[in-house]
Each structure stands twice: as structure tokens, then as C-alpha cells.
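In what comes next, subunit A is part of two complexes: it sits with subunit B in the first one and with subunit C in the second one.
Right, the complex of A and B next:
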């Protein structure tokens, strides 16, 4: 296990280095003059030159890269061209909001999809409750393919504009989390619940489950102690992928709900070629996805002795 | 988010002398919160570093300027009760009752310190190149006489509107620029109370404020006790917030406006900046030939293009500058362009047209332009380019024949850099325009202040239009909706002292 963990962490470090180089290069390959764009065509050339010097943009690209990396080590990510604020401050103020949204959405996904899928499997095993099966597969199939922003717009129209039960947008209190978290998680809940049901149906057909039923174990023990751990591998694997996807999903959802997070910041920074901010946010979001995947691999290796991941 | 309100709403400004359309006092609320949508996070709130439209609007609530400009484009007093101007010098005389938010009186030397701060290249102030053309000015002050004098080396016709619209920071704030990134220290009608990045900013009203434009005060009936700017980047979200009561005002110009019609909101419609067609006049490009330019403009149905590019709510452009509210209006486009007579004579070949963005109404209008020209033997290759890529292509100069853009000028003199001097990339003359009449008239206009200067600028702009160096086509309409509130457009967005909350 220790060798597996070391190997997995080494792979993570290599991936992070590649991400660092790519995020830096990507922004510098976009054509155009970011300082002129930020200051406007009427800004005096002397002002543009002074700002370029201040931002290290008048140095060769390798020197800019080493300056960027040394800045990262000391926590200095540069200054946003557009807002004139330190990048670390811009990110710090928004990261917590995006993290809260993602964490709540992930909790909702795991907390609802697993029992929902298990319940659907128990009800529909051996061809039982045909109506439930049709309703479940149709409903979850539909919700799983509705894009997050479409769902967000529909939820706002119904629960905020028509019924007035919840805030339309912004971060105004606990109730303001409900709609963005719902928009971010409903599709994933539906998708994961379908997978959980299929995995659960497979587990329920296993001999050890028949043995458990033959022993007349209480349903609680039968499903939670014997079935759940055996379908956890697939659930965790998909859950990890969904968590990575949630990070990307925040971009659209934050826009619809005027949520003060990193999702809208990354789009704005790329569009405005605010390269210092864009490369930092891309690096951060990319690193988050890589770390999530590494953690999922490690957890799978630890929890499921049948898993072949450690041999990979 | 900029919200432009119809001229009638401007009458709410207390001292503007048109009280007949003011709402009855009984219709006005007592205090309350006014919430406006802002299209983006304002970032650093230091007013002398502000680069974005959103920042300029927000800081105008906490920082006053020496003068202001009313709806008719007239310069009116604010911190300065009067000013004496000559082509190279302006002397502002301050009111004697102005205080900073902490209660300390504002002295002439404090105002002068702002201009000295802007001059310092280490500060990289955004006011250079926008409000003030360059740093080679001198500033003097006299506390006893309450005067601040600015002198520039060359005659400059827009000296008062340019220098007088600099937001004035109080002395403590000027000494501590880092604090001003998230706090305010000015003489304005509001003080920043709370700011959450990318979410909202809350301003609290200042009591005893009596030095607004033309003497406007915060004691007027219906004046809000708080102003909240809510950062809303999506128009649909802004419309939803208006419908649910989460906003008092927002600008909605896209399809969501249909949901706001008939809901009892105060509606306003203001012209935005003109959108123009430019010809690349470098050697080897067909646009270098005046007869080609004339034939191509005659071949285009500019009315139809206007309808498509403005989604049916704009109008034909009448000027090269943003019209409202500006001290120098040059409505020169009327009758200067050839009529729609598509003969095709002198037209043939393949032309490359660049335009900003890749979709939306602009792309649709460019396709319409291609359709209009195709039967006449002109094949347009359309290139929609994003942000800085568009600017790079425009200023590199070689890869385009026609360019669609909105230069967005506040004053007519700002056009000079783009239509005189060496072609880009050596200069900023991206279309390689050579127009001797314009250069002569603009040179005279630059030295001539006031109405006479404006008349010369109008003649200079007309010289550009008659030579078809630039073709102003369409002006977007900026639609604003207000719920239980009335506001007026000011020079930086909503005029802070114009806001009135309605009861009910």
C-alpha cells in the first residue's frame, strides 16, 4: 500500500508540473497585447510600458516563467491586470464560495444518489415494481442529460420568480445555497443513482446476499453491512469523477446565480486576457481535479481489497 | 451596469430647474435601500486607478469631481463653485463648505495633491490618457483663495471637462492607496460600508451633504439611506432579480427585456456609442480608393444593417462620439453619407471584413452585409475575432480590408489619434487615414475652447465622413428598467444624487 501511495503521489506531482507549464504557456500563446487591452487604446504608451515592466511582461518568456514559479512558492501570484488587486487576494475571496458550493453539492450527490439507487434496486429486483423501474429510469435519464445552466434557469423561474420561496441570485444567507446546489447536483444525483441501482442489482444477485437473506438477517443489516460495501468501488470511482466535474460545473451555475465564486472569475479572466489571474485560477482548478482523482485512487486502494488499482 | 434613463427622469436632480415632472412628495419613500445591478466586479476601488466602467460608476458615489455635466451637456458646478478658463490654463475656485467623509474640510492643496499624484509615473494612474491627455501639466493651489490652477503646455479645448471630472480623494486616502482598494475616502454623498468581492457593495448616505451637481443634497425627499450595487453578470439573472424585487434598477437590452415589459417598471432608452465601418486605406487595399469607398457604402442598406445589429431597438448613428451626456456634441452624420443606390459599379473582388466577437447580432449583421454585396460581385470573407485578437488584427493592419468596430469616444478630440499620424503599428492610425482637412480643422479645434471649439470639431468630423474615412452606421439603444425608483444618467453611470425611491 505504501509503495502504491508513493507511486500515486509521484504521478500527481508530475501531473501538477505539466499543468503548471501548460497553464503558463496557454495564456502566453493567446494573440494580443493584454496590457494595452486592459488600459485601453487611448492610454499613453509610457503608461503601457511601465505596466508591462511592472508585470515582468517585457522580459523573455523563460524569465517570466521562473519569476512566476518563484512567486508561486512565496504565495505571490502577481497582480490582476483588470482589477488591479493581488491575484492571491482575488482568488482567496472567491475560493471559499466555490468550495462551499462544490462541497454541498457533492454531499447532496452522495447523500441522495446512493440511497435512491439502492432503494430503486431493492424495489425493482427480480422484475418487481415495473412502474417504479420505468419512472426511475425515465426520470433519472432525463435529469441526467439536462445541462446545469438550463436546470438552473428553470429552478430560478419556478422557485424564485414564480413562487418567491427562494432568492433569485447572490449569496444572501443559507437559503441562497439551495438553488445553486440543486442546479449543480440534480443531474449528478440522477446519473449516480442509475449506476448505484445497477451495481446494487448485481450485488443483490450474488450468493452471499442470498445467504444473508436465508439467515433472515434484518433488512438494515442485509443492505448496509453486506450490500453497500460491495457496491462502493464503482460508486466512489464515479463519485470522484463527478466531484471533478462539479468544479467545471460551477462556471455556468455561478453565472446564472450571480454567485461570487471562482467559476465566473476564470471565464472573465480568460476573456479579458487577465493572464496573471487566468493562469492562477486554471492552475488551481486543474490542481483540485488532479488531487481529487489521486485521493479517490488512494481511498479505493485502501477500502476495496479486490480493487486492481494498486497493480495499475 | 450602466443604466441610462430618459431625459424626463433627469428632472429629478433637485436643482436642475425642471421640477414640474418631479414625483409628488407623497409618492416618495422615506429612506430605504436602492439596489442596482453592476455588470462586473469593480476590483480595486482606488478612483485614480480605476480602469473599468463598473469601477468608475461605483466610485462616483463616494468621490466628487470639481465640475459635473448635466443632461443638456452643460458644465455645472460641483466641488468648484466657479472656474476661469483660457486655452492653456484653468483656475477652479472651491466651495467653502466641503468636508471629507471623516468631517475634515477639503482644502485647495488637497485637491492639487490629487493632480500631483496622477502626474507621478510610479502611480500609473488610469486618469492619464483618459481624463488628462498627458502628464506634462503643472498644478498650483492657494488655500486662502480656495483656488486650484492647472496649466498645460499646449492649448487644449477640453481642459475643463477633462481635468474637472477627476474624482477627488481626501488627504488620508491619498497617503494610503492600499486602503482605498477596499474603502472610500472622498467628499461624495455616500460612504462605502461593506464590500464582498463579486457579490455586492453597500454604501451608506452622508448626512449634511450639500455640494452635489448644481447644489444637490442628500436631504431631498425620497433619497435612499443606502445604495447597494449587486454584481450580476448575466442579463437573465438581472431580469429575474428585477421581477422578484431583488433589484431596484438594471440595464437589460437582450431578449429578457420582453419579460420586463408591461410590469410597471420605469423604462428608459438612451443611445449608446456608434458602431462604425472602417476601410483599410493602406496601399494595395481597395479602400484606398475614395470611389471604391463611395460605391461600397452606396451598395449597403445601412437601415437594414442597423435593425439587425441593434436587434431592432437602435437607430442610425448621427455622430462619431457617445452623445449623452457630453459637453461637446457633434451630430455630423446626418446627410453626410451617400444614399442606398446599389449599382455595383467599381466593385468586385474578395474583401476581408473583421469584427469583434464570433456570434450574436454583430455576426448576423456582418452576414447580411455579405449578402448585400454578393450580387454586386463582392465576396466578403468574415472574420469574427475575440477581444485582444481583434485589436491585434486591427492594429497590425495588413490582414483586413473592412473593419466593424465601435471606437466609443467621449470627446471628439479622442478620434485624432486614430485618424492622423503614421499608420499602425508605428502609430495608432489603424486604417492609415490621410485627411488633410480633418488634420487642419482638428488642430484648430484643439486650441479652441467652448462652443466655437465644438463647431470646429463638428466640421472636422464631417470632413472624415464626407471622405468616407469612417462610416458611422448604428447606435445601440441602452434600455434601463427601474422598480419603485427614479434615477437619471450621469457622466459615470447613474447620477448618485438623482436617485429617488418611490413609496408603495
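Right, the complex of A and C next:
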């Protein structure tokens, strides 16, 4: 386990370094004059030069890189080209808003998909309840395909425009979380519930489940104590992958709901050619995904001593 | 693959996709001008007869724009898929043709890029290349490439281990030829399948980018762009949102369903078996018995697999059930314990009470099961102690400490060394023989009257088999528990059991004392089974004795004796009339028209 953890952490560090180099090199890969592009063609050359100096762009590249990294270590992510505010200040609260969406969506996914999939498996085991099986696989198959932003638009139309139950957009109160979280999680709930059902059916057919039935345990113990732990690894592996995917999904969902988070920020910054801001958000979101994936692997390694993740 | 397209889902999705392709080709020609026609007198109108989905901010017809946008939406998705496959497939094939070190480096790179989120890469490229369709296509293509590479790598590795690739290596055909002639053609089918699904994904992803304003730029438009333009006016003209939403979902669904139908086409389907008739056998019913089974049937609609089994077990007795695989002996055991799948008929009573009416607790403590493979019958996720103790905790309401103490005692009684240490271990830490001892100890937790052991030694080494048999024998003598011992091994049954039931094709064909097996068996099948047991003294110059033919499938059994086609003594009657179990002496019953003596 210790060796596995060390190797996994080493891989995380390498990935983060690659990400860091990519985000740093971004501004250098842009053809032409990014600062001129951001400030507009009519900005005086002196202003462009001053801004380039502030951004360390007039120094040799190695010096720029050390400045970039040391800035990150102290929490300084540079200055927005458009608003002239420190990037860390622009990001601050928005980071919390995005994290809240992701956390709530993940809780909804794990909390709903696992019981749904287990119940579907128990109902449809040994070819029982064909109708339930068809309804379940068709319904979840459909929902798993509809992309977040389309689902978000559909939810807005139904619950905000037609029924008027929930706010259309923005972050106004607890009720304003409902639709974004739903749009972000429903597809993943459907996808995970399908996998949970298949895993659960596999577990239910195992000899040890027959042995558990031979002990005449109550259904609660049979399913929760004997079945659940055996499908946990597969469930958490997929759940972990979905968690990483949620970070990307928020970018789309936030833009449907005009949610004041990192997703709206990064799109606005790209459109406005505010490279300093875009660079910082890409770094943050990318690092979040990489760290989440590593943590999921470590947790799985600890939970299941025979996990195949350790071998990989 | 072709068969998959004949399923309703496959055919429907293929038709839908072809429809989209036709639309992509003709829509710009038919409705291109209508979609571009600016009409300042009809700005942002809701749906009407002239404009079913309303008009946009410049008075252009929304429906025409959705139809025309099919071309760009599909084209960009196809381009992105080409980029993904063009990068991913060669890259994934690299490890199988490179040397070991090169393969490692390629694998590491694939590992890393799979982990990186696609949308962030798209945003990164949008910054570097400038916002637009080109950046979107490249981004989604590059972001999808790792999954192609991973799939190709896995498939190529599996093909790389096959005999024909090994043979090609032996004649040294060269790496490039190996790849193009031997590896790629053999993995083409799953790759095509993945391409279909990837195209669907690319369509949705590029629509998403266009929706964010990072994809197609005006004056061009695709479905994502149209949705982006319509969303702010969802209150005024919700119809305008409807068009792109339906288009995106339908196209995504068509690609995905087709991919799934193709995938399912490669998987096998179970075949249903025909119905068979049956007649339950009569039963003898002495009183004071522990277990009484009469006319037991188990069927998987419509096939009857256990066809009227009757048997009795006296307290403390060891009864063997022998038969070839498929004879229904294991299902009989499961049905006695109320664990059989399928539908069960007939009567099973324990101490004179029907088992179906017994409570969980009574059944759980009085009947114990020991299954064939202890490696799979113990729960891999739970500690040994937990699995043993829970029987008492649940059925006797015993506190954990007491249940644990009993569990330790039972582990000792099955002669497991250091039981305290074993209690804290998981099944995978024990040897096969030890696991079977644990299974038996688990059965003993409730002090059962009846232990049903279903091939308990078949998965174990011969030396361990002997230990387990001796253990069962000793336990039965010590505790007074009766044992039903199921096996296909005549020699083992003869050594352990007092009485033996021989099953064939779902029926008991003979019941006799184990001691009479060698000399007194009356049914030709029993005699053949006995004769086919080789011993150390057998003349090795002679071929091993076997029974000609094979046992019938459950669906093939009709009227008459099921063994008749393989029987040397069968007469005309055997093929027409089913023989019932008849008394043959005081301690023997046989179901045969021509019992041998």
C-alpha cells in the first residue's frame, strides 16, 4: 500500500508539473501580441509596454517561469488584463460557488445512483420484471446521453419558464442551486445507476450470496452487508471518474444558468482575450481534476486490498 | 455486425443517421436561402404557420436554420473523429510494434493524456489558436485521441498474444507488416464500433463548445450556436430552443444507439429450450424421520430439470446423492434448502413440518449448506469472524462477544489452527482446504440437524479432500447432525455414506445401502457408474470403462426411461413407459423395467 501510494503521488506530481508548464506556456504559444490583442488596437504603445513589463513578459523565459511559479506558491496568480484586478481576487468567491455545485452534484450522484441501481438489480434478477428492466435501461440510457447543457436548457424551460417553480438563472438562494445541480448530476446518476445494476446483478449471482441466503439473513443484511461491499470498488471507480468529469461539466452548466463560478469566468476570459485570467482558471480546474483522480485512486487502494488499481 | 443492424434499435438508429446524412447534404440547397433571408418586419416572432419555430433576431426562419445547421454540426463531428482516430489509432498501435522501452514510454503518455479533461484542453486550444470551429475540432479530436489509443493498445495487446501473431513473429515478417497485416485487421471491428460512439460524443462536445461561444463563429452556425442564441429569449420564444435541443439529442442518440446495437451484435444470446412432460413419482413415508421429500420438482419455465424426487433422511444419517453433472442433484439440494432458482413443486418437510412454513430463524439454524467452491462461497469483502458470528447474532440475538466465542469454538471443531488469527482475516488469505473448513464451521454455527454438502470436495486437492471427508464424518457422529452428501464421485460416496441415491436426468433411479453398491446394484446405470470407477488394481492395458453416449439435456427428456438410449439392457417398453421407483428388497428401491441381479 505504501509503495502504491508513493507511486501514485509521484504520478500526480509529474502530471501537475506538466499542467503547470502547459498553463505557463499558453501565453507564449498565442501567435502575435496577446497583450495588444487584449487591450485593443487603439491602446497606446506605452500602455502595452507597461502592461508587458507588469506581466514579466519583457524578461527571459526562464526568469518568467520562476516568477510564475513563485507567484503561485504565494497565492499570486497575476493580474487580469481586462479588469486590472488581481486574478486571485476575481477567482476567490467564484471558486467556492463552483466547488459547491460539484460537491452537491457528486453527493446527489452517489446518494441516488447506488440505491437506484441496486433496487433495479434486485427487481430484475433472474430475468424478473422485464418491464422494469426495459424501462430502466431505456430511461437511464436516454438520460445518460443527453449532454448537461441541453438538459439544463430543458430544465429551465420546464421548471422555470413553464411552471415558474424555480429561478431561471443566477445565484440567489438555496432554490437557485436545484436546477444547476440537477443538470450537472442527472446524466451521471443515470450512467452510474446502469453500472451499479450490472455490478449488483453480477454480485447477486455469486456463490457467496447464495451462502448468505442459506444463512437466512434479513434482506437488509443480505444486500447491505454482503452485496454492497463487493460492488463498492467498481462503483467508486466510476464515481471517481464522474467526479473528475463534473469539473468539466460545470463549465457548461454554469453558462446555462449564468452561475457566478469558474466556468463562466473562464469562458468570458477567453472571449475577452483576458489571458492571465484564463490561464489561472485552466490551471485551477485542471489541477482539481488531477488531484481528485489521485485521491480517488488512493481511497480505492485503501478500501480494497485486492484492488486492481494497485497493479496498474 | 450485419445481424446487429436487423434488431429494431439497430435498424432505427441506422435509418436515423442516414436521415441526418441526407439532411446534411440537401438541407443547405433546399432551405439555405430561406435560412439566410433577413426579414425586419418579423423579428423574434413566436411559432406560426409560416415559421413553425418562430424567427430569430434578424427575422430569419428558425426551423430552416436548424435544418441547414445539420451540415456543419455533422461535418465538424466527423472531422473531430477523423482527427481523434488519426492520432489515437497509430499511437495505440505503437507499443505493440516498438521495443519494450518504447512501448513503456508510449503507455505512460497514453495514461497521462487519458486523465486530462477534454473540455479544459478545448479551452486551452481556443486560447492558443483563437476562438473558432478549427480550434473546437482540433480540441475535441485531440481530447478524444487518448481513448482511441487506449482501446487500440488493449486490443492490439490481446491480439499480440495470439497464436497467429506469434507465428508471424517466428517467420519474422517485420514490425510494420505485422501491424498492418496481422494486428489491425483483427481489431478493426471494435475500432469501427468505437468510432461510431466517438462521433456521437464529438457531436455533443462540439455543440457544447459552440453553445459556450467557443466553437462555430457567426455568420456560420451549428446546433450549439443556435441554442446559445435562443437561450436568452427562452421566455419570449421557447420554440426557438426546441429545434436545436431536439436535433442535438436525436443525433447523439442515433450515434450512441447504433454503437450499442453493434456492440450487442457481437455478444452471444441465450437459447430457450423446449418444454418437456413430467410425472411425479410416488413416495414411501415412514414416520419419525428428519427430512422427507416427495414429488420434488424444479423447473425453469418451460423445462423441468428436477422431475419428481422423493427421499427421506433419518436423524444422524449420511445420505449420498450421486449422478453426472446435469442430473439435477445440486438443484435437489438447493430446493430442499429453499434456495433453488426457478419454480419449485412437491413437498419438503423437516421433522414433519413443511419447510416453506418454517421461519427464517428455524431454517437458518436447523439446515446448513456447504457449497462446492469455498473460494467463491465466502464473501471476499468480509472478515471470517464476521461471516461466522452473524448467523448467531441474527438468528439467536446473541451479543457480538458471545457469537464470537461460539465462532472460535466452531473453528476449533473443524480443526483450524490459530482460530483467533483466522477470525480477523479475509477469505483470500486462507488456503482452499481451510476455506472449506470455514464454510463447514459457518454451517455448524446454528447447531444444525441437517447439513447439505453440495460437492464439498470437488474443488480441493485429493489429500485435502480426505481431511474434509473425515471431518464431515466425525462431525456427524459427534453432533448427531444428518448429512446429505452430493457428489459425482462414486468412490467418495461409497466410503462416506450409509445410504446412496443415484440420480439420472432429474429422477432418482436407484436407492440402496452404500455397502451394496459394489455387488448389489440393480439399475444398469448404477452398475455402469460403479464399473467406471478406476482403482489402482485396474488393468491398464484395457481402456477405461465408460458409459456410451451422453446424458440428455433437460429439454430432451420425454416419456420412457431417460437412460434407455444408453442402456445395454433396454427393451421396447423402456422407450415408452416411464419406470417408477419400486421396492426391491427391504433396503433398496429401483426405477427400472429390467433390474439386474
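Here is the rule we go by: the second predicted complex is superposed on the first by the 310 of 312 C-alpha atoms of A that agree within 3 Å, B and C clash if a C-alpha of one lies under 4 Å from a C-alpha of the other, contacts with A are read in each partner's own complex, and residues count from 1 in each chain.
The rule is short, and it goes like this: a residue touches a chain if its C-beta (ideal position, glycine included) is under 8 Å from a C-beta of that chain, and two chains touch if they have at least 3 such contacts.
Everything quoted here is computed from the prediction, not taken from an experiment.
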| item | value |
| --- | --- |
| Subunit C versus subunit B on the shared subunit A, clash or fit after superposition | clash |
| Touched partner set for A:214, first subunit B, second subunit C, both or neither | second |
| Which of subunit B and subunit C A:226 touches, first, second, both or neither | second |
| Which superposed partner A:15 touches (first subunit B, second subunit C, both, neither) | second |
| Partner chain in contact with A:206 - subunit B first, subunit C second, else both or neither | second |
| Partner chain(s) touched by A:50 [first = subunit B, second = subunit C, both, neither] | first |
| Which of subunit B and subunit C A:164 touches, first, second, both or neither | first |
| Partner chain in contact with A:247 - subunit B first, subunit C second, else both or neither | second |
| Contact breadth on subunit A, by residue count: subunit C or subunit B | C |
| Touched partner set for A:256, first subunit B, second subunit C, both or neither | both |
| Set of subunit A residues, in rising order, touched by both subunit B and subunit C | 30, 153, 156-157, 161, 168, 255-256, 271 |
| Interface residues, subunit C side, partner subunit A - complex | 112, 115-120, 123-124, 126-128, 131, 200, 204-205, 207-208, 211-214, 227, 231, 234-235, 238, 241, 245, 248-249, 252-253, 256, 260, 334, 337, 339, 341, 360-361, 363-364, 367-369, 371-373, 376-382, 390-391, 394-395, 426, 428, 439, 442 |
| For the subunit A and subunit C complex, residues of the former touching the latter | 14-15, 18-19, 22, 26, 29-30, 126, 141-142, 145-150, 153-154, 156-157, 161, 168, 206-208, 210-218, 221, 225-226, 229-230, 232, 244-245, 247-249, 251-252, 255-256, 266-267, 270-271, 275, 278-279, 282, 285-286, 289-290, 293, 304-306 |
| Of all residues in subunit A, those that touch subunit B in their complex | 30-34, 36-44, 46-47, 50-51, 54, 80, 82-85, 90, 93-94, 97, 153, 156-157, 160-161, 164, 167-171, 255-258, 260-261, 264-265, 268, 271-273 |
| Of all residues in subunit B, those that touch subunit A in their complex | 40-44, 46, 49, 51-52, 121, 124, 126, 128-130, 134-135, 181, 196-200, 230-234, 236-237, 240-241, 243-244, 246, 386-389, 391-392, 414, 417-418, 428 |
